[in-house]
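Order of writing sets the chain letters: A, B, C and D. Residues in each chain are counted from 1.
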Amino acid sequence: MRLVVQAGPFDLGAESTAFATGAVGAGAVVTFTGIVRDNGGTLAAMEIEHYPGMTERAIAAIMDEAQARWHLIDALVIHRHGRLVGGEAIMMVATAAPHRADAFAAAEFLMDYLKSRAPFWKKELGRDGASWVAAKDEDEAALNRW
Amino acid sequence: MRLVVQAGPFDLGAESTAFATGAVGAGAVVTFTGIVRDNGGTLAAMEIEHYPGMTERAIAAIMDEAQARWHLIDALVIHRHGRLVGGEAIMMVATAAPHRADAFAAAEFLMDYLKSRAPFWKKELGRDGASWVAAKDEDEAALNRW
Amino acid sequence: MIEVLYFAWVRERIGLPRERIETRAATVADLIAELSAREDRYAMAFADLASLRVALDQELSSFDAPLAGVREVAFFPPMTGG
Amino acid sequence: MIEVLYFAWVRERIGLPRERIETRAATVADLIAELSAREDRYAMAFADLASLRVALDQELSSFDAPLAGVREVAFFPPMTGG
């Protein structure tokens, strides 16, 4: 398992290759990448605040839970903070498992929990000013399926 | 949409990067990569037979169906045929969507249908001889959830 | 004349990947009966229809489908891609 | 002495990211009441508890949780990562 919280960009392709290559015995690798949407040009940038220390603890706990629930060979979470512009990758998750059902379920589980249980807060800096992104009821509801 | 059926290897990382970069407006990119498991060293190689012509038609139909069901910005399927050894990537699927639920659902749908509806047949070449991989009931059952 | 293709263990049992067949079979089932009567290797390949699939002109089909207008018939086991 | 952290719009309303507070509050709710009574900016930040979350020593917790032994309290809105 590997967990990275950083301000700088990451290389989705290089991370995917390294992850898949390292997951010896895996039959299935799933990756998820979250990207800043520019909302049709109205978004100038996004500022991601986080809680150093708790962020790493919360993500590690979510990853431990995923490993307890599914047969995984490896898992990876990379999450950025700070200022990002439209089109930039915010974060990625990767899971490797002998079988695809475990890899998919674990990746979706990690995403659902990262959305609502890892201490990050997004602020959209638009042309008309800045506003904090509100948590969606559907994101909280998504946790109920696990 | 892009669909590739080829004997040679592909570069998971380069394909992932190109796909994500090209999916303008996407907020979520999901990739799945299927890898030849070596079953603890007992598998010498895998031979994948396919039905040229029908393969492309069947995959294109599955991709069209995915685009009709979910809000996707782009989709990619790469599937190899011929001889592969343990650890090699057999195939990959990528989906890009504004939202993560669509990207995940479409990727799982594509995988479930590729497993049972695209004309590929796997033969395992082990130390003790060769045998065709039998279709699993659970793979056929997986189609019922869509 | 119809082009008949065989894949995976069906191909191995029959011993060839494809052949052109002169037939008046009305349906896929009729064609299977005709081939099975011809030689043991066909009878063995077609012995268990539950483990066989058929495609007509590259579309999955059923054993009772008519062959009128069909140019290419393919027999194979359930697919194992992905 | 307890370390109190604020994030996102809670931080913006209160006007600082963290402070050390001398308190005898028994629970999180008591601490919120104490701070809210202190100045309007706290009262405004803590006005709607349903839109607030609290972590004690970096673990999500609840407003009725005791503060005994806690060194770090953090207040923030629902998380929006991923």
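Simple rule for what comes next: a residue touches a chain if its C-beta (ideal position, glycine included) is under 8 Å from a C-beta of that chain, and two chains touch if they have at least 3 such contacts.
No experiment lies behind these values; they were computed from the predicted model shown.
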Indicate the lowest number of steps between subunit B and subunit D, counting one step per move to a touching chain.
-> 2
Rounded to the nearest Å, the gap separating the Cα centres of subunit A and subunit D is 26
Mind checking the centre-to-centre distance between subunit C and subunit D? Centres are C-alpha means, answer in whole Å.
-> 72
List the centre-to-centre spacing of subunit A and subunit B in whole Å, with centres computed as mean CA coordinates.
-> 23
Of all residues in subunit B, the ones touching two or more other chains = 34, 100, 111
Sites on subunit C at which at least two other chains make contact = 82
Touching pairs - complete list by chain label | A-B, A-D, B-C
Within the complex, subunit B is touched by subunit A residues 11-17, 20, 23-38, 87, 89, 98, 100, 103-104, 107-108, 111
Interface with subunit B, subunit C side, in the complex: residues 5, 7-9, 11, 55, 58-60, 74, 76-82
Given the complex with subunit D, which residues does subunit A contribute to the contact?
-> 34, 48-51, 53-54, 57-58, 79, 90-91, 111, 114-123, 132-135, 140
